[in-house]
């Protein structure tokens, strides 16, 4: 098991051309804590994840995984330090089987490097960690099936499975329940909670039930600015958040 | 999404059968010409297997594969020149290892050029390999001492000391060597796909970005595959140099690289059967067909375009797909498929006759050839307008009938081109295999 | 208002992004001169509904304008039936200037009978700020200017039905009022409008009907007054 | 010194011919993302159509009719072949055009025979216009420059001033939005592909008369225009223009220069007294001795590889390849 690690953003800003997408975002989570990031579309949530995970270079501010700074590192270097991320649109290996998808995701953490002398794809069973993962995600009966032929919900489950297969201590989840029906979302949220119990998790999510079910703290990002970061109850009562979400509508009064 | 089936398992039984076939093949075809064709097919299959590693397994479209088959050949030729020049001539035993030296030479070149070209996949990779291919081809004319320029370099296998009966002189012994290398090469290449690097290569083909977020650098994965493919291409090139005892700068030409691409793609996505079909078709097309008809390149071009448009997984992919349908729909499907093929024969023959008449007409116009030609057992006078009209009218009608028959037999499937919402939204899918 | 024949009729509409079922059997109908505000949190399928109506995403189910089915039509054929679509991202052509963007709004195809014909001059008089920016490239305009340009470009196609997605997102308050006035003027001239909106005060002030989406389905469709009483819907589907 | 000026002029006209050819290719590549391997084939078809039509109606009518014929062919190819394969991604489209390039070469050999076809420059354009330092500068070469510049202007105006040009530019960055404004984007794709083919046809008619018209002409120039498009930067007309001039001038300059690296070293040695005996290994010694002019055919591909590695988006390109 890898050591517990926290995740920290210090003064992170980012701009595409002239449009400022993130301005001076500071977020800190202690190891094992779950932080939900909410906000309207185009608030910069995905950009923040892209900066942390190495998709975009960090130009202003710093991101620290435990004590290690992630500035200037490429995605695979960051992953090796113990940070795994999922994607809003499932990025799975469609021609490989479900089991092979998980096996590929777990290779590095099992100490396997770019070796071409061991036969690995013919091993009958996955190791225990992956088998339990398959079990929890209800993918065991479909493990030999090509991932491309899975239903949408199963692909989202596989996406989550691949993110967790490497047993990374810090997990970034980008809208894991996107496109799922009400019933599927509730079930999926409980599985996420069970599988990420001892990990530091940052999760971008729109569904408020999922947010309040999983989050120890909630960060509200609007127009690239962090307007609140507090426990779920305080955020619910925060007038600025209501304004950002509903506009200046007070129930009865029609403008 | 028509994802290819999980790789078929290639167990010990399979390899014994394959070895048996390789041994048994020359028996029914004893003639020297047949043996030379078989030898060339063996070499072509190995080259297609190495190309399949890039295109099929890695989704990497290379236009410069001839760099490695060519360099492998040159290493072997120069080694042979050294072996037979010096006072102490090498024994034939060394010859057996020459192709491996060719492979190592090509792999070194792949290592030098590989990091450059594997920065990105699909179109940029294709463009860099095209540029490198042209570069090496043009450079090979610069240095006649090494590459022999137009005239090329010829060597003689016989100049080595025989070890008992074994001297690699007679063609049958060379065929044996090629069969051994093909068996070993195929086993190693297919074994490669079962290793972590093989798994990562398939993963990089499907989604290279995701591989980067799982701790591996997709560029290193492509680079390793590039070198491995270069090695086996070098072995094939070495064998080819041994087989022809001659090599010239022409081995680096774009046509040669194009041929590997063309036939491996036609062969199709299946890990083993694709390259086998591709290799056999390559020799059949480039050697045998080209002696039969002047229009051989047109036929190959047509076949390639038809496969690209209508049979996405190549011939082996198509057969696998029809086999899956057969498993699902039972023998009735085989009957329908058979009827479909019969319906397709007349229009195909009509087209072939039309093309042959055109080519013969061209020959007549260039002078020195009688106007009657004999093709497919039919003798035809090209000067007769009636013949032309006969075929020009009949063939489209036959095509229309065949299409109706295929529709009736339900073989068309969803061939209609759906109006895709927009081009920009579609991520670039790289190799479709 | 009696129920006139619907201009736009959408029923049991499923829409897919890649393979994700984002819309799950949505029903919506809009009459000429009626403004329907579609509310809902992010991820509820609001923007996808707008894209689905004009055929920019894969859909199943019925979509019809004047009961002519849109199922087999390409997007530009739907637009030529008198539809205008202004996306949430506005999609101004960055390297073309304001005048060129407006000219691209004047779509080809025969003018529809009984529909107001818009001239560039009309748009400039409605949004005077654009008049002084005619030859600046679209990419350099401010958010508000881009929104006005997008709206102006949309109406230049002489639409009968306008689908506009979050026109007031990130706009200063007085600009929000100007956009609301523009939409009210269009609705009063007989154009049917589907307004995708997240801000309740904007929607309540202008809409003839309120529809609320949640989890890809339509969870409420009624007059603004009935919506005021539906506290249950507000709490579940709109508030934080 | 006059050697430099003359080869500059030659480089200019050759570069402009390369531009005429690559203009069509870069438009198609930037709008549809299709790397058209058959583009050089259209160039060859233009030359052969030019040959046949000018035999019947004379050179100037062929200058008009041949590009139209090749453009029509391009429209058919896009409508019936490319559009069917479009859904399967760019590699399938690239492979289709690769197959087409083989077919075009074979069909040309079938119809017009394997031997070169002699295309005579029309007498009104024959003869030398003026002498530069005693070196004859032919009227035809000047005609090529004029046509190339006229073509650049026509494309530039067409793209920036005409309605269709605006729609093309719009569809370049936001194809969905262009559709959502009622523009028939699929038909625009077809007309751009046909336009690209017509441009190649026009370059063929002109190039055919200046150079050899034979079935190998496509292969010879085909790969160089890829270099021009990549070096110039994907999707930019100006990029294709400067890329074409760069490759054209560089190539004609090196052909004209006979000194080899060794001679250069000698001159340097006189200045800085370096030791210049050639490096031991046979291969590099050989390169060390070879005169520059022999390296000319190598040059475009060296430039291509250098650009693809150091500056993948090319001189003026917006998007990386």
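Each chain carries a letter (A, B, C and D) given by its place in the written order, and its residues are counted from 1.
By definition in this document, a residue touches a chain if its C-beta (ideal position, glycine included) is under 8 Å from a C-beta of that chain, and two chains touch if they have at least 3 such contacts.
Keep in mind it's a predicted model, so treat the numbers as computed, not measured.
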Quiz item: Relative to chain C, which chain has the most distant C-alpha mean position?
Solution: B
Practice problem: Could you see whether C-D or A-B has the larger number of C-beta contact pairs? | Solution: A-B
Self-check item: Centre distance in Å when chain B and chain C are each reduced to the mean of their C-alpha atoms
Solution: 54
Quiz item: How many angstrom lie between the CA centroids of chain A and chain B, rounded to a whole number?
Solution: 44
Self-check item: Mean-CA-position distance for chain D and chain A (Å)
Solution: 48
Exercise. Identify all positions of chain B at which a residue touches two or more other chains, and write them in rising order.
Key: 419, 421-422
Self-check item: Sites on chain D at which at least two other chains make contact
Solution: 174, 176, 179, 185-186
Quiz item: Of all the residues in chain C, which ones touch at least 2 other chains?
Solution: 56, 74-75
Quiz prompt | chain C - residues contacting chain A, complex | solution = 17-22, 24, 41-44, 47, 88, 140, 169-170, 198-202, 204-205, 215-216, 224, 228, 238-240
Practice problem: Using the touch rule from the top, collect the residues of chain D that touch chain C in their complex. | Solution: 163, 166-167, 169-170, 173-174, 176-186
Quiz item: Residues of chain B touching chain D in their complex?
Solution: 59, 61, 116, 119-120, 122-124, 126-128, 130-132, 134-135, 138-139, 141-143, 145-146, 254, 258, 261-262, 265, 295, 297-298, 300-302, 304-305, 308-309, 312, 358-359, 362, 365-366, 417-426, 428-432
Quiz item: Which residues, counting only chain A, touch chain B once they are in their complex?
Solution: 53, 74-76, 79-80, 84-85, 87, 91-97, 100, 103-105, 107-109, 112-122, 144, 146, 148-149, 162, 166
Self-check item: Residue numbers on chain C that touch chain D, as the complex places them
Solution: 54, 56, 74-76, 79-80, 85, 87, 91, 93-96, 100, 103-105, 107-109, 153, 157
